[in-house]
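Once you've had a glance at the structure underneath, I'll fire off some questions.
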Amino acid sequence: MGRIKEIAKGARSLIGSMGVTLKHLKDEPVTVEYPAERAPISPLQRNAIRLIEKEETPGSHNCIACLQCEKICPSNCISITGYRPEGLAMKRPETFDLNFALCSECGLCLDVCPTATLGYTKVYDKAGYTRADFFHDLLEEYRETEEQVVEHLREADRRKKAEREAKRKAEAEAKAKEAGDAQ
Amino acid sequence: MTPRTFNDIFGNPYLAVLAATTVIMGYLTVNALMIIWMERKVAARMQRRLGPTERGKFGLLQSIYDMGKLIGKELITPTHVNKGLYLAAPVLVFAPVLALCSLIPVSQSWVFHDYDIALVLLLAFSGLAVIGIFSAGWGSNNKYSLMGAVRSVSQTIAYEIPLILSALAVVMMAKELNLYQIVAKQEGLWNIVLQPVAAVIFLISATAETNRAPFDIPEAESELIGGFHTEYSGMRFGLFFFAEYSNMIIACSLATVLFLGGWHGPLLPGILWFFIKVYALIFVMMWFRWTFPRIRFDQLLSFSWLVLTPIAIANLFVTAVVSKLV
Amino acid sequence: MKETPPPPANATTEELLTQLGPLVHLDVLENLLNQARARSLWPLTFGLACCAIEMMAAGASRFDMDRFGSGVFRPSARQADVMILAGTISRKMGPVVKALWDQMPSPKWAIAMGGCTIDGGPFKYPGQYAIVEGADKIIPVDVYIPGCPPRPEALINGLLMLEQKIKAGKKFHV
Amino acid sequence: MAELIQIASDEDRDTFYLNMGPQHPSTHGVLRLRLHLKGERILSAEPIIGYSHRAHEKMAENRNYIQFLPNPSRVDYLSGMIYSIGYCQAIEKAIGLEVPERAEYIRVICNELNRISSHLLWFGTFLLDLGGVTPFLYCFDDREKILDLLDLVSGSRLTYCYGRFGGLVNDVTDDFLEGTARFCTAFRERLREYDRLVTQNVIFRNRTIGVGVMRPELAQQFGITGPCLRAMGMARDVRRDEPYGIYDRFEFDIPTRTASDCFDRYLVRIAEMEQSMRIVEQALAKLPDGPIMAKKIPRKIAPAKGEYYFAVESARGHFGMFIVSDGSEIPYRIHLRTPSFANLSTMRTVLPGTLLADTVSILGSIDIVLPEIDR
Amino acid sequence: MSEASGLAAALAGIASLKTAEAPDAKSGCQGLHTVGREAIVEVGRVFREAGYMLEMLTALDMRAAEQAMHVVYQFNRFGAPDRHRVRVVVPAGEAVPSLADLFGSANWYEREAFDMLGVRFDGHPYLVRILTEEGADYHPLLKDFGVAPAAAEEAAGG
């Protein structure tokens, strides 16, 4: 008798699990039909890095070619060569190349960037026929606005120098006045 | 009530055989491709995903592309293979399918052949497929295929007995071996009502006969990589794929004929009822596949010998007693 | 048949697609079969490391590779069309990858998924003794997918690009 | 232990060697099992590893501590968050850095979510090995919800680099907190459904009950840890025995079973998912406000000369980091004691005598991840 | 902590075992010992009787400082941690007696230590490489293996 009960219990459990799959037969598919629809992506999503616009340098990035990110990158995938436009205190990058095939998306370069001008692209579904696709040149999108920004920075430097002059002159006069009152 | 066989329709027998073959092959090809698509869609819907959609309207052309690709693949014949068996296997597996199909009484008015011992012939031919599977496994000289072949032989032997016993229960009730008459006798009352136990046993052992989950241990994907068809590529593997689905159609249509009263049904024409029932059973078989894990090899055999066969014999005994009294 | 110059060594995809017309004129049957081959790519179940999990996720319900007919993962190399190299190929695994590639029947393609199979990824540094830096040192690769690990959408995009490549009948292994 | 290489001695006619090779649907990655079979009965089994050896320990010796950060989550990519944050905690303990309260709570939430996602993937692949395809798809569906949550917070799906020495990179948003709460309630209902689909299923029970029983002395013999140990009746968990971070503030119990077969290892992990959700809910309730990064972080991370050992409880067991520092910024040696290395080495004594079909379920039940074994 | 004191008494019995002073919490272990090469099997047996497991076994390349390799064994018990880190100092190229028949896990740990750092273990049933590729003749974790990458030089220099 025990065997009959056991077989009955087994059969009931099989029908139970069949019930579960039947229940799901009626569900709405959860598929995101990728090429047509795209699932919403998280704002912090990590992909290849790019230079983002900063307000101090309107229309361009504010990278000062300090090579911090190149030094911290665990897989050595960033390579930068900087140049110093004449009349400017800070340097600007001449080339900023990223070999995205080596990148492990760890985010250390973003943390270590002093001017926080590194960010992530929104392109998460990159694929290519050749390996050359993954040598990104990060300066490409800012090529044409480079001149105006250098001009803007030069202008900002001049203004800052002028303010410094004015402030120093003001202090000198104030000191001179005090010296005058003290006698 | 005797049906008009193809001989009567076409006059000379050669024309009849030719017509029957084209009808069956046409039906099987279209049907196998359709069932492959249906299986992927049913599986997808049960798993809350979409299944093939990008190829044709609802992914309908997907199976055709699959077949086209399989035809275009290179047929690798590995050197370490026993060439005779290896090449014969796909043909051997597919051969009985034609014979099986011609015996099934599809509609009220006509039938391919009207033999008085159609059921015996059908069960005999269904035993042939395992020879093809065994020669595939043995011929490929691959350890995984060898194990797949050994498993398929013992599984087929184990599940042939309950299959025949449950069919016997129906025969004992209908006192008839001619499938057309068996269906004709189920006029008002389908056999499943009188023989529920035999119907369940028949369905379970038919699933095992066609090597479909949860009894798919001959080509257990996660243990034996590809089972008996590990070494087959291109259209040879396509033939195995094709034969498996054709066997599935035959098993379901045999179950419909024996238990669900072939073409009997209100309103709709007979042949349509037959196909509705066949596809309902095919859906149930697919439902099994996408719900259950795989049975282990030794449990599979003990399930057949220690559970199915005794119940089938007991059922046979009860049917004998009841049919004597009534 | 006009003789086209071989593509420059580091040409990007755009340059290749614009500069190269159909390299060789394929006959009608081959072209027809290519349409069927492109639309039913059966991948080989072959996960190496972290990218294998994202490959499984691409095959699962949310991204569902089966929509493109390539949800049928064939365990046996004889029945697979495309080998998706998902994960780092270690030196010990190299000969196995080559053996598997040779077992696959002839119109076969390879997708290098993840940074490790393109250029060694995060495990590439001078003095690295354990991995093969890039899958194309062993087998010809058709589509590269960067990322560590790339998202399932990137793998599906790679599959679509492989389809374009097969349909267009272009045979350039760069 | 049966000597493996004297093939000549037992030249029995019908035994043969089978390579469940590096490419096999159910070896969870690139593991090669050299099986000596008699029919389908296994006489001896030797797991051969090394096929995904990526030299993590050699990499530790040529980059400084902060640059080694992406590596731990690639050692065991299923519990990537636990490993990555574990490494941060190890170095913080070594240089004595205090982490603000809010960061500690967020770390616990992310760790437990990662543990649930790892157990879910194990559940799916375990069922896939036994032949049931649909549960694999269901569990991936739930796992995607967790990956979305962790994606909201850390920006990546599988290999996280979310922790830094002294805290975390970005703070938690509100929809992460609501999403986690919603996930916990929805997931409990799904667990009941898995129970009906799989746990009660008679085919599954026959395939796993009484299969792959590990004798209790194997625990001490092979140093088994994690769910495999808890299935042997020993309630051992690094979060409870050696509380790190703030795990001592949460009450959760350690699920154990006694028969230590595949079915018990399955039940232990399912119960552990419940416990992880309890911890997440408690952490959500008590999440304080405040900064997520320590105030003063030393510019050069260089632990004093000496040896440090720090252990965390990953989804697979006791993950220990043995850090030897010579005072400079470059670690002298980091040895990663990974749980699956010990758990897999028991296969040499557990597998002989079972059937080939059982190998697949035993291997699935001990839940191994190959790069974690090969490091 | 009767078990611990019983263990300490048994350990004291071993001749060439020198127990260092109580280690600080940062090192993560409760007992630091160094022992002569031949006594390690004895130490292993003591820990085995006390129900401890071999939690970790690894080797350190100290040839630059002391022309010797350190083989570090770490025993721990199940439950509240009572870790004992036993260190065997062995000159480069010499062998260390194997614990493979005492602890099953030692079999693979020793094979890994041999594979990575070339420390040979006497009495090990199957001392063959476990991780690196077949036919590899190098021991990668030795300090003089492979060129020192730019990051190390520069970081060391920087």
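Think of it as A, B, C, D and E in the order they're written, each chain with its own count starting at 1.
Here is the rule we use: a residue touches a chain if its C-beta (ideal position, glycine included) is under 8 Å from a C-beta of that chain, and two chains touch if they have at least 3 such contacts.
Keep in mind that what you see is a predicted model, and the values were worked out from it rather than measured.
Counted as hops between touching chains, the shortest connection from chain A to chain C is 1.
Taking B-C and B-D together, the chain pair joined by more C-beta contacts is B-C. Among the chains present, the centre nearest to the common Cα mean is that of D. The greatest centre-to-centre gap from chain D, using C-alpha centroids, is found for B. Chain centres were defined as the mean of their Cα atoms; on that basis the chain farthest from chain E turns out to be B.
Centre-to-centre separation of chain B and chain E, using mean CA positions: 62 Å.
Per-chain CA centroids place chain C at a distance of 30 Å from chain D.
Rounded to whole angstrom units, the spacing between the C-alpha centres of chain D and chain E is 24.
Shared interface positions of chain C, i.e. residues touching 2 or more other chains, are given as 60-62, 64, 67, 75, 90, 92, 122, 125, 127, 129-130, 148, 151. Shared contact sites, meaning residues of chain B that touch two or more other chains, fall at 44, 46-50, 53, 221-222, 225, 290-292. Counting partner chains per residue, chain D has residues 24-25, 50, 53, 55, 58, 62-63, 67, 70-71, 74, 134, 137-138, 141, 159, 197-198, 201, 203, 374 touching two or more of them. On chain D, the positions that touch chain A within their shared complex are 63, 66-71, 74, 134, 138, 141, 148, 151-156, 159, 161, 164, 169-170, 193, 196-198, 200-203. Chain C makes touch with chain B in their complex at residues 32-33, 35-37, 39-40, 60-62, 64, 66-69, 71, 74-76, 78-79, 81, 103, 105-107. Contacts from chain D toward chain B in the complex involve residues 16, 18, 24-26, 40, 127-134, 137-138, 141, 197-198, 201, 203-204, 206-207, 355-360. By the touch criterion given at the top, residues 90-92, 94, 125-127, 129-130 of chain C touch chain E in their complex.
Here chain B touches chain D in the complex through residues 43, 46-49, 143-144, 147, 213-214, 216-217, 220-223, 225, 290-299, going by the rule given at the top.
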